[in-house]
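Here's a structure for you.
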Amino acid sequence: MSELYAWLGGKPLFLWTDMLIWLLVAVIVLGVSYTRRRPHLLEPWHRVAKSRLAMGSLVVLLVYVVIGLLDSLHYRPALEQSDQSEEVHYAVEALTALDWMVGGLRESGEKSYSAPLATHLYVREMVGESGGEVRRDYPRLKSGGAHLQNPQQRAADLVENSIVGGAKGLLLWLGIALLLVLLLTRKRQQISPRRWVVEVARGETATPWRTILLVTAVVSLLLMAAIQVGVKYHILGTDKVGQDVFYQAVKSIRTGLVIGTLTTLIMLPFAILLGIMAGYFRGWIDDMIQYTYTTLNSIPGVLLIAAAILMIHVYIDTNAALFETTEERADLRLLFLCIILGVTSWTGLCRLLRGETLKLREMDYITAAHAFGVKNIRIIIRHILPNVMHVVLISVVLDFSGLVLAEAVLSYVGVGVDPTMYSWGNMINGARLEMAREPVVWWTLLASFLFMFTMVLAANLFSDVVREAFDPRVHKGE
Amino acid sequence: MLDKPPLLKISNLQTWFSTREGAARAVDGISLEIMQGEIFALLGESGCGKSITALSIMQLLPEVPLARLRGEILLDGESLLDLPEQKMRGVRGGHIAMIFQEPMTSLNPVLSVGDQVGEVLRHHSGLRGEAQRRRVVELLDDVGLPDPEQKIDTYPHQLSGGMKQRVMIAIALAGEPDLLIADEPTTALDVTIQAQILELLRRLQRERGMAILLITHDLGVVAEMADRVAVMYAGQLIEQAPRRPFFSSPGHPYTRRLFDAIPDAGKRHQPLSMLRGAVPVLTQEFHGCRFRNRCDYGWELCGELSPEWLSAQEGQQVRCHLFNPQFAERGSRVAESSGTEPVVERGQQEGDGSGLLQVRGLRVHFPIRKGFFHRTVGSVQAVDGLDLSIGRGRTVALVGESGCGKTTVGKAIMRLLEATDGTISFDGVNLSKLQGGALRELRSDFQMIFQDPYASMNPRMMVADIIGEGMDALLGQAPSPEGRRQKIGELLEQVGLTAEMASRYPHEFSGGQRQRIAIARALAVNPRLIICDEPTSALDVSVQAQILNLLRGLQQQQNLSYLFITHNLSVVSWFAQEVAVMYLGKVVEYGTVDEVMTAPRHPYTQALLSAVPTIDRETQREVIRLEGDQGSPINPPSGCPFHPRCPQAMERCSSELPDSRQISETHSASCLLVTNG
Amino acid sequence: MLNYILRRILYAFPILVGVNLITFFLFFVVNTPDDMARMHLGMKHVTEEAIENWKQERGYDRPLLWNESASGSEKLTETLIISESLKLFRFDFGVADDGRNIGGDIKQRMGPSLAIAVPIFLIGLFTNITFAMLMVFFRATYLDLSGVVLTVVLMSISGLFYVIGGQFVVGKLMHLVPISGYEGGLGAFRFVILPVVIGVISGIGSGTRWYRTIFLEEMGKDYVRTARAKGLSEYRVLFHHVLRNAMIPILTGAVVVLPLLFMGSLITESFFGIPGLGSYTIEAINAQDFAIVRAMVFLGAVLYIIGLLLTDLSYTLVDPRVRLS
């Protein structure tokens, strides 16, 4: 095994959140394959698939998810061997597959602030002239446009790089489009690829492929152009300690996704189990469960989170020896944050499920099952659970964006993710005073705003359509 | 009278909705005229477009995308479809008023009765303040609301269903309309309340010379109320006639089928006539007659040419090619055969009648708990001392109005509810003492069918699993998947469906088909007793006939016993052998169908029977009017529970609880007026 | 009525006990007083004696759950859990790490919190309902559609950006009002106006959308059809019939948070330097002052429970179907 790692040049690091994320991916894949074979479960998804809004935002979300997943494969790179010993040492700092792919961004550190796409630092420093003279000036950046002989060529170089990047993006998009045409026309033999392309261009297909392809085009152009330019410049500038802001914003995606999804994954079993039990069995079981969630609910969420996170901090600080890498420590804090957010947010779903179960248990088909002497556990699994799943799904999708936003606020309050972890909340927290600075440093805030806003907006738009598609009240007649 | 211009004239009205499947032709070319002061009934089964017609007149169509609203609606010569919304508001409530089916939800829950009536006065006649209040009291008094002075300040939730419908009528009358549209005004009400409301409508119409457009599915209500009738089918009118010719000789084959499908005592020994197939999908473009796929008399022409209006007799017009003089020969053949419907005399095998189920002194009280420690502060006496027995292969009907506890009886027998007291013995075994496994063993012997075919099966389960659920849970022998599938296929065929339907989901079936699946599910465990809880109440009359025929057929084949819980008395006289009439948790009269239905002895049974609207209008009957509503089972009246409403109540009735008195060997009633023997 | 309120208060007691148990678990069991002392006094060079002193100062020197050394019933009562719980129930919050009395601080800081939170709440409620009514009035038109899109966009912006953006544009670029700070009396107005405006704006997205959903749901009900059949104008249908019914969920939803207004808003107060309870909490969190955090948790729960009680009472005011029993 260790030879393999040595050969690969790194040793995989299994973080808790990574494993849970991939577990979630597995659950979703299983769920999809289960649903595919059941037309009545697929029905509401068909409604979602027909919405232009939903499919457009889904493309954006998928880009975020792919980045987040790539960022969830951690490894510790092997260190250069200094002595002759056989043993290979691995770095304390862990990297991810994403880092490996965009390595250039990570390593290009500067000394301090630099504006987006700048060639010089934003602050004056003592610069040593060739003649031994020292004066205060804006020094050239180490990697921002460092390849330019003359900073004056910057504009032309930027245009050129954007065009090259755009062209690459176009190629990527064409590739995707071609693949789509092949896959889709192959599945349905009766339609010729040519005909299909015409239909898509006119927007006549049932699934809004035109919208999907348009959004894909925009995203791939932006992405490739950003990569092309980003290798040579700091497209969103650098922060106080000279770190590339674009890289930070991209790395924060994983944090946002983890909080938005794992929180629900963690709380879901409790909410479902307790909610259904309270509604189904009623009596003292109901009283106990209601008491539990009223009590938890009565503590204002932020305060409960704050109190719990503070305690975790103290625990981690006093037991620092338990963690091998900083990532592991930060990861544990992230996991605890998810758990505590879950504890404070399961009550809503639990109450909803209790209400829904109370209604369902009076349905005739449950009575019929009782008349057959079917056991309670079987009634819950076969009759109640499948009929409350739409409530669960709607609430999971709706919660996602709220949780992403909550991360920012909690990090600001000081009870969010580990300060060493990349997150939009940490970025905002670190940069909030920069607006008051003269001259203003605005790019860190802009970057976190853009990245977070895009994801939350896409999630909100998508969840709206999902809720409408699954809400039985909207589709009573069908 | 014929010279007068019509009050309302609809010409070629088309109301289409956009759906994903295309335009749904909910109303598709309707023309009709309503005269001043007449009651015009629009009759049709669910989904035929009768309510949409009414809403089109009012221009209150639901907010779904309209595909088309064409034609002409003239009120006193003024075209309503061309009126601007501003003017239309003056028409709504002022010239045309409307009352709806659900009085429970049609009133605003947070406004007082006085507010809701007064608002109309304010809007249409500018009355305010004290004058408004006086007028509201007058109106409430006019619609028979007791204590109008006091009721004016109550909120809808404090009133019973019948009272709410009276308030709705007061709201409608407040604007002094020329036309009242009543959309199934009594469908949600009990039969004694229905009689009150119908009588009220008739009186108001007489006094005010107001016209009524009565929308209903109930031929009995039409017979009681209407001057003229129009029958609607799949978005079109197919027959129009004055009441008398309509009931003496219904013209259109569809109308005739409707008449034949109504169960009554006269048809006891023959199966009910059934309509095959289903109502056509309204999103298609129609060619020819819309009824032809279900018609027994159709020929090629019907598929090609949509029939025009043809005269039958005395102003009776029918949209059917049979009435074209060209095809007089075909027409007369039908006329002959119509009297002799496919009568298949099946010797009614009435079972040996030996006891299967014996219920003695059944009591089901639900405790009312309150407060922190859930103290019991009272109880709902849903069932309070009930005796019942059902023989093998026989049907006992349990009849009563909503809230009388009849469903609770069914559930208690099923042991779905714990009885507070009493014994239930099934084939000699006392069910009320059984627990756990012993009870489960017996469960396959008695099963249940429910009222709502949509709520009675899990929408997420395949039909095969729905039917198989009981087999898996009770029969337990774990048959091979092949054997299980075969059994399910057989069951489906037994209830008139096909074996391949096993792999479908409930939402693909119509209400009637679902009810068949529910029957198959019950049959799957080979029960001996089936408790049918209003199994046909949610169905149209033509579908009801199919289900009733099926149930009877199964009874004859398998010697099944039924406890048939219903509020529909005409079904009882066709279907049951014995009847128990329930009132407020007690059986007040018990006997064979003939005894109870033809010679009722308890005043409640008498009133109940007299309140049922009948088609046969020639036999004049006196409706015994019952005042008020059934009391509350939380605090039932002392003595005889019926005494507060009984027209023959004596002083003793309020203190003395009458015991069950034998009238004949099989007939008994619990009333002090009944003397033994 | 009085009887009912008394019973509700009785019912609230077990919940408070539960809250107290949770806070006790978090603050005294997850990390024992020893850990806390060590953290406060510096991780490395701490003597046992210093820890004991620290604990004694705060009365944390008793055992957690069971006092072996005491006698009789005092085995149970002379413990941290009992003594600390009793203090909380007496609203005796003790002293902060900097030696100030927490109860006094809370009393003093309530005012500024309310000065910000109450206007945000009232103006926000009014604005959101107005916008939602407008959207429902013009439902299924482009006005409604663009309104929906706008609310989703507004909802997708983190609250932090509203504050940062507002401070930058109004305070720094336009120099209209001071960016942060506070003073008592009428002078407060200058400092309060910006946070209030920003607070209202940041709530518009989700608030308007939520109320619109409520209104639309009411619009689909049968009684609305009845009202229209009376010939009433759309305006009257909306204001007299729909709004009255929609007020039931709206008011009862609003009443729950009413008492919590005392707690102020963490973000707004700390950004604008308002000396209210919100910034008090944040400062305590940053300084890791557990006594204050614990006091605030308990206070928050008490206020929430009062909110629940008020909700029940408000039901009886707006919904004739509900009576207290």
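Letters A, B and C mark the chains as written, and numbering starts fresh at 1 in each.
To be clear about the criterion, contacts are C-beta pairs under 8 Å (C-beta built on N, C-alpha and C of every residue); 3 or more make two chains touch, one makes a residue touch a chain.
Quick caveat: nothing in here was measured; it's all calculated off a predicted structure.
Novice: Think of each chain as a node with edges to the chains it touches; is that a line, ring, star, complete or other?
Specialist: Per interface graph, the chains form a complete graph.
Novice: When all chain pairs are ranked by how many C-beta pairs they have in contact, which pair ranks first?
Specialist: A-C
Novice: Can you compute the centre-to-centre distance for subunit A and subunit B, using the mean CA position of each chain? Integer Å is fine.
Specialist: Distance between chain centres: 55 Å.
Novice: Averaged over CA atoms, how far is the centre of subunit A from the centre of subunit C? Could you give it in whole Å?
Specialist: Once rounded, the distance between the two centres reads 29 Å.
Novice: Centroid from C-alpha atoms only, then distance subunit B to subunit C, rounded to Å. What do you get?
Specialist: Roughly 52 Å, centre to centre.
Novice: Along subunit C, where are the residues that touch subunit B in the complex?
Specialist: So the residues of subunit C touching subunit B come out as 7, 10-11, 139-140, 221-223, 225-233, 240-241, 244-245, 248, 318-321, 325.
Novice: For a test of understanding, state which residues of subunit A touch subunit B in their complex under the given definition.
Specialist: Touch list, subunit A to subunit B: 39-41, 363-365, 367-375, 378, 382-383, 386-387, 478.
Novice: Would you mind writing out the residues of subunit B in touch with subunit C in their complex?
Specialist: 58, 60, 63, 88-94, 97-98, 100, 102, 105-112, 119-120, 123-124, 155, 157, 168, 171, 175, 370-372
Novice: In the complex of these two chains, what residues of subunit C are touching subunit A?
Specialist: Those in contact with subunit A are residues 14-15, 18-19, 22-23, 26-27, 30-31, 35-36, 38-39, 43, 152-153, 155-161, 164, 167-168, 172, 179, 217, 260, 263, 266-267, 271, 281-282, 285-286, 288, 290, 293-294, 296-297, 300-301, 304-305, 308.
Novice: Spell out the part of subunit B that touches subunit A in their complex, as residue ranges.
Specialist: On the subunit B side, the touching residues are 411, 414, 416, 439-440, 443, 447-448, 450-452, 455-461, 466, 469-470, 473-474, 505, 507, 518, 521, 525.
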